[in-house]
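Every chain is named by a letter (A, B, C, D, E and F) in the order it is written, and numbering of its residues begins at 1.
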Amino acid sequence: MTELLDGDMAKVSLDGVQKAISLALVEDVQVGDYVILHVGYALSRLDPEEAQRTLELLAEAGVGAPV
Amino acid sequence: MTELLDGDMAKVSLDGVQKAISLALVEDVQVGDYVILHVGYALSRLDPEEAQRTLELLAEAGVGAPV
Amino acid sequence: MNAPRLRARKLDIRNGHVDLSHGAGGRAMAQLIGEIFAENFANDLLAQGNDQAVFSVPPGRLAMTTDGYVVSPLFFPGGDIGSLAVHGTVNDLAMAGARPLHLSASFILEEGFPLADLQTIAQSMGAAAREAGVKIVTGDTKVVERGKADGVFISTAGIGVVPDGLDLSGDKARPGDVILVSGTIGDHGVAIMSSRENLAFETQILSDSAALNGLVADMVAACGPHLKLLRDPTRGGIAATLNEIAHQSKIGLRIEEDALPVKAEVAAACEFLGLDPLNVANEGKLLAFVAPEAAQDLLRVMRAHPLGKESAIIGACVEDPHHFVQMRTAFGGGRIVDWLSGEQLPRIC
Amino acid sequence: MNAPRLRARKLDIRNGHVDLSHGAGGRAMAQLIGEIFAENFANDLLAQGNDQAVFSVPPGRLAMTTDGYVVSPLFFPGGDIGSLAVHGTVNDLAMAGARPLHLSASFILEEGFPLADLQTIAQSMGAAAREAGVKIVTGDTKVVERGKADGVFISTAGIGVVPDGLDLSGDKARPGDVILVSGTIGDHGVAIMSSRENLAFETQILSDSAALNGLVADMVAACGPHLKLLRDPTRGGIAATLNEIAHQSKIGLRIEEDALPVKAEVAAACEFLGLDPLNVANEGKLLAFVAPEAAQDLLRVMRAHPLGKESAIIGACVEDPHHFVQMRTAFGGGRIVDWLSGEQLPRIC
Amino acid sequence: MKYVDEYRDGKLARGIAATIAREVRPDHLYRFMEFCGGHTHAIARYGLEDLLPQNVRMIHGPGCPVCVLPVGRMNDAIKLAQQPGVTLCTYADLMRVPGSDAMSLTKAKAAGADIRMVYSTLDALRIAQEEPSRRVVFFGIGFETTTPPSALAILQAKQLGLKNFSVFCNHVLTPAAIQAIVGAPEGAGKVPLDGFVGPAHVSVLIGTKPYGHFAETYKKPVVIAGFEPLDVIQAILMLVRQVNDGRAMVENEYIRAVTPEGNRKAQQTVAQVFEIRDTFEWRGLGAVADSALKIRAEYSEFDAEKIFDVTTVAAQDNPACECGAILRGEKRPTDCKLFGTVCTPETPMGSCMVSSEGSCAAHWTYGRFRDSQNRKAS
Amino acid sequence: MKYVDEYRDGKLARGIAATIAREVRPDHLYRFMEFCGGHTHAIARYGLEDLLPQNVRMIHGPGCPVCVLPVGRMNDAIKLAQQPGVTLCTYADLMRVPGSDAMSLTKAKAAGADIRMVYSTLDALRIAQEEPSRRVVFFGIGFETTTPPSALAILQAKQLGLKNFSVFCNHVLTPAAIQAIVGAPEGAGKVPLDGFVGPAHVSVLIGTKPYGHFAETYKKPVVIAGFEPLDVIQAILMLVRQVNDGRAMVENEYIRAVTPEGNRKAQQTVAQVFEIRDTFEWRGLGAVADSALKIRAEYSEFDAEKIFDVTTVAAQDNPACECGAILRGEKRPTDCKLFGTVCTPETPMGSCMVSSEGSCAAHWTYGRFRDSQNRKAS
């Protein structure tokens, strides 16, 4: 999310593409946060620490020789 | 005029072309009569005897050697 | 026009409608093209399913033309937008003295257009092309949302080959040249107007829509070197075409009202509508400008062709710095024949 | 396109609108054509003011194509309907290996369309034609009532000459042939979508709309005998084009997702819209099928051209009775690449 | 075409022309005004001038309804058409008539106004019925001939209970206009006239009687004539004979359609719906008392002037346009500097260049080849 | 693309696949149901099957909202769209879903109905504001994820005082559907399942807690997973491990977005506007108690079912269509005789061939090349 707009709207950005979305369903989202989107609404904040932890788990899970 | 239609309308015919017109402004027009038309309305019956008389007058008027 | 064979169910031509998927570049479009266009235009080049056709052409210069067809209503007495789209473009080639070879067809369809009507139009195009001896070798289909078009628009382009030695062009008429018309004027425009509901009139008049390349071939064979120019008097009628030529050739024209072939029914319809048959469109007529010494020969040849039976000499070219088209009226006076600048006629092509 | 010189006042291009008289075949139409089209397309053949153009063509077989352009919005990042109408038709000629020569242009205008916009479009068409080395030699203009079209539709047709010995066609690919793409995919479709209000997203992506005949000339010069076919993946994206070719050539295709050039911004826009870049339109890209021994040479030649800098080998042809287009995903699994049959994208061409 | 072709016969025309040529006094310049635009059109369309002797000159009158509508009223119509929800129905003739600032209905339509060309008031009524969400205004103009259909439309709208139909009434009266011409104070501008070719269709409606006054009081012969060219040339012969005989009477060449009383039913219909306006502005004639109609108060729910609160602001014609003087018969189209250069039917500067009944349009469309001949001759 | 590309990494995928291959017991057939259509799509789109051992089989669940909507409700929507003055706003997915008699919204639109595809309820609200003369109906379908926007739309419409906006509510509940599957009586049709890949977005809304019941009561492992392919393969590994360990718990692979409680604000918004329906018909599952939402009486002015008096008539699926059994996990697309012959995405016979999340569509679009490989292999 890159910018708060009027009327509970916000601008999100992904690799240079910007889109206006609604924040009406979430609380406490800040500029700089990543959000989960669905039909034009943010459904929740994405937790960067948990995301990092998941990636580590994924990497761990794949340890061992590829088949 | 070739045919009376509903709602004070009638069909007129000229050399095979038919058109629906309104009779709302004239009285006593019969199938077979010729009418004077303007913006979709019959304005009056055309008097066939007077028409004939006019043609005779026109022919008379032109008697004499053409210039 | 790519029409790979697919196993999908056949189009429901009887009850179906064009929808946006028919223009989206997917299977639905391929199916529409395959079952309606490829089927009715049946020819090898189109069947190849490429985005273009490649073919050899006989020697000679090439003529190329295009026209868009937006006629309303789409179906009218004596034809429909499909036959018109073939005739109009074939005629523009023929007017250069060209033998028409191949056509392209670009369709813009409105969402909701009945497939049955599209099928009728494609059949009529196919038949008109076969009759004129041309092939529709490449095409394109777009679909726009309801309310963004008017049923169907067709743009055809065509190419043909002009025999060497023939050089017909609008600037070639000279004082003394004789003007011929190949038949009665105004039939197409009146047929269209009679099928427009709000004009509320009825006639038996059929559009004259026809391909003139056969007639032109006879004319070229008989009088080629004497022919100066040909043009089909479509939108704007012969009044517009005569004025165009007067300006292109920088001459004046003089015609005789008495010499103009006009059907009684067309004259009557024009009387009702306050129109002049000179301004009414034709789709199967041509104006020919020919050196005076060949005028009678040309008239004979034209009258010998089924599409030129009522041909007539209607006037001649004169010097005139004003490039006026003048007409001696049947009544005996003189007048100018001008482009129509009055209010608009219905879409007639 | 008859444009006799008249003394009338100039068109009010800044503030005026198209009205029905501009399509009626009279002086107003001649003026519109003269001041907007003839002016911007400036060439001898068009200036003659005939209903067709007549010209000589160099030896070789002829290629002919047509496309209708109904893109919405008419002006989009990287182009407009005018440049698109030139590029698209030039490209369809180039895909046959033809040198494009002449175009025709048929305009269907909606009453009320701003003359200033029409002027911009005509300028853009003229510039695109000059850049591609083609002339718009003949044309037609129709005007339909407000609400019967969507601003302006353009149908262009084109002809070009195919050098002897070159025979590119959709049915010519054989197992083993290598598939190349000339650059990043999906740019045009995303540029159009980003300019549609209701999608409410913004990008810096420009349409890739461009004439590819220069690139093709280089490719033909270097690898002519080894080239099997070329096609520009427009509507339906490379997915549609690959499927068309698989069906026409009766083979299967195998491509690698990792090999596909996709701009990050295009990938992100597709993510937002739930689209696959494979299904998104291009207007300045081509797919080339070439014998394996010439694939590297061809890649080098393509990359050397400004419009092919990001060319890539994306796959190869295989035997497959099902004519499947299969892709190894970047994730490691296999999938089919199918025609899009989902709901409709905005009008992208 | 029965009752049409007979009256366009070239052979008869030459005969009558010969008689006129024989009967005119070489020393007299015969100046006849054809009041009606219909006659103006017929004269130009059939090249009638070529059949008349040099000393019989036709002067075009103010009987072209499109021509006499002043710019202010045209502006009103354009403004009406631009109101949201309004569909203006108009006869096609009015589309290109310039209002102020070179605006016109054609341009307003191209810029988005909902304007429909209709052939008849019946079309306008149908539109109102079919599209109840539109406020349909019929742009009513014309003389006694086009007034009855407007009256009927209002009566029918009332009967149908239409709430979305109204008429913008600009109907005008022929006798008042003739009166303005013959009754104009003598002076620089006043045209000397030897007689009138009287209206065809208008006379079908009003009969021959209303013209008696002009024959009696002003000693101007009036010959009512049909719209076919033989009607006109015959009327000219009859006028020549009245002048030669020193008579001034109302004669009726158009006896096949015109009676002394006119069409009573139509007259009653008009009287039911309309009443006389105190004054009305005419292009060329200025404000003329009792020269136009307005909708009676009891039908005000169908009166666009009331509904949309139209208050006409007098507006200037293009100052270089000579329409006014031409409509009074003082000048000819070629006297106008704009004729054929800036002003053509495609880019008309005045209303006379629009309607096919307008003097400038008729001369441009049919007659302008004579200008160069005349120039050569002189 | 941050937080996207990382979860599509092929190298990591091969690693996890290798781990799965190492850890599965060769003698056990692992049958996991991915409840969500989003997962079904990801599995097909990324060719995940090619990475899994033969004895790990994914079974598609009823979590495609388009697929489970019964024909009767589809007919209702088509009928609504055909009412004069109605503008039906719908997510694009629904356009091609067949109702009775091979009708669909696409066909209704082509035949004249005013149907607009929207990306968001916000678009529908905008249309209602911009076109006050249209009666705008939003076709609300979907699970817990798409419900809150519908609730918000109604609240906003109320706030704006819109009189021309309503929602045709078909929102359904995920736990009820899972319950219907795990709680189905044992018998011929019942699919043996080793566990569930739990919803991604739905769980963002409802949290992890509602799945506890299935783990505890029915001993079915549930692993909530994101929609990216690595999320799914990781969830599969986690399920394999639970099965191997004899565990049955709710685990959360999607910790970056899913919390135990879910999105409270969204839950409250939904509760304010909607309440639970006694029963609702699901394609495949039949009537399921307490499985859907309806609009509360206090918002009935925005309830299309009330305004337009919708009374759903139960209607038959195409009898040859196996969507029902496929949605229950009993059959696969290729078990249907119509698959790929009569039924394709262009001419779908059942809803599963329409949505990109439907099993039949996903298999047709991405996976059908395996059928001929399998045939060759066997």
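Note that a contact is a pair of C-beta atoms (placed from the backbone, for glycine too) under 8 Å apart; a residue touches a chain by one contact, two chains touch by 3 or more.
Remember, predicted model here, so these are calculated numbers, not experimental data.
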Discussion item. Strictly by the touch rule at the top, which chains does chain D share as contacts with chain E?
Written reply: C
Worksheet item: So which chain is farthest from chain D, going by the mean of the CA atoms in each chain?
Response: B
Item to complete: Would you kindly say which chain has the C-alpha centre located farthest from the C-alpha centre of chain C?
Response: A
Worksheet entry | Inter-chain pair with the most contacting C-beta pairs | C-D
Worksheet item: Taking all residue numbers at the chain C/chain D interface, are over half used by both copies (same) or under half (different)?
Response: same
Worksheet item: In angstrom, rounded to a whole number, how far apart do the mean CA points of chain C and chain D lie?
Response: 28
Fill in: chain B and chain C, separation of their C-alpha mean positions in angstrom
37
Response to the item:
CA centroids of chain A and chain E: separation to the nearest Å works out as 75
Practice prompt. Determine the centre-to-centre distance between chain B and chain E, using the mean Cα coordinates as centres, and give it in whole Å.
Written response: 22
Practice prompt. Would you please write down the residue numbers of chain C that are in contact with two or more other chains?
Written response: 20-21, 26-28, 200, 264, 267-268, 271, 341, 344
Worksheet item: What are the residue numbers in chain E that touch two or more other chains?
Response: 1, 4, 13-14, 17, 119, 344, 346
Item to complete: Give the residues of chain B that touch two or more other chains, as numbers and ranges in rising order.
Response: 14-15, 40
Fill in: Pairs of chains in contact (touch as defined earlier), listed by label
A-D, A-F, B-C, B-E, C-D, C-E, C-F, D-E, D-F
Worksheet entry | chain E-facing residues of chain C, complex | 198-200, 258, 264, 267-268, 271, 274, 322, 324, 326, 328-336, 338, 341-344
Response to the item:
In the complex, the residues of chain E that touch chain B are 1-4, 6-7, 11-19, 21-22, 91, 119-122, 145-146, 148-149, 152, 201, 204-205, 230, 234, 237, 253-257, 263, 265-266, 269
Discussion item. Give the list of chain E residues in touch with chain C in this complex.
Written reply: 1, 4, 8-10, 13-14, 17, 44-51, 92-93, 95-96, 117-119, 123, 229, 344-346, 356, 364-370, 372
Worksheet item: Once bound in the complex, which stretches of chain B touch chain C?
Response: 14-20, 37, 40
Worksheet entry | chain C residues touching chain B - in the complex, by the definition given at the top | 194, 200-204, 264-265, 267-269, 271-272
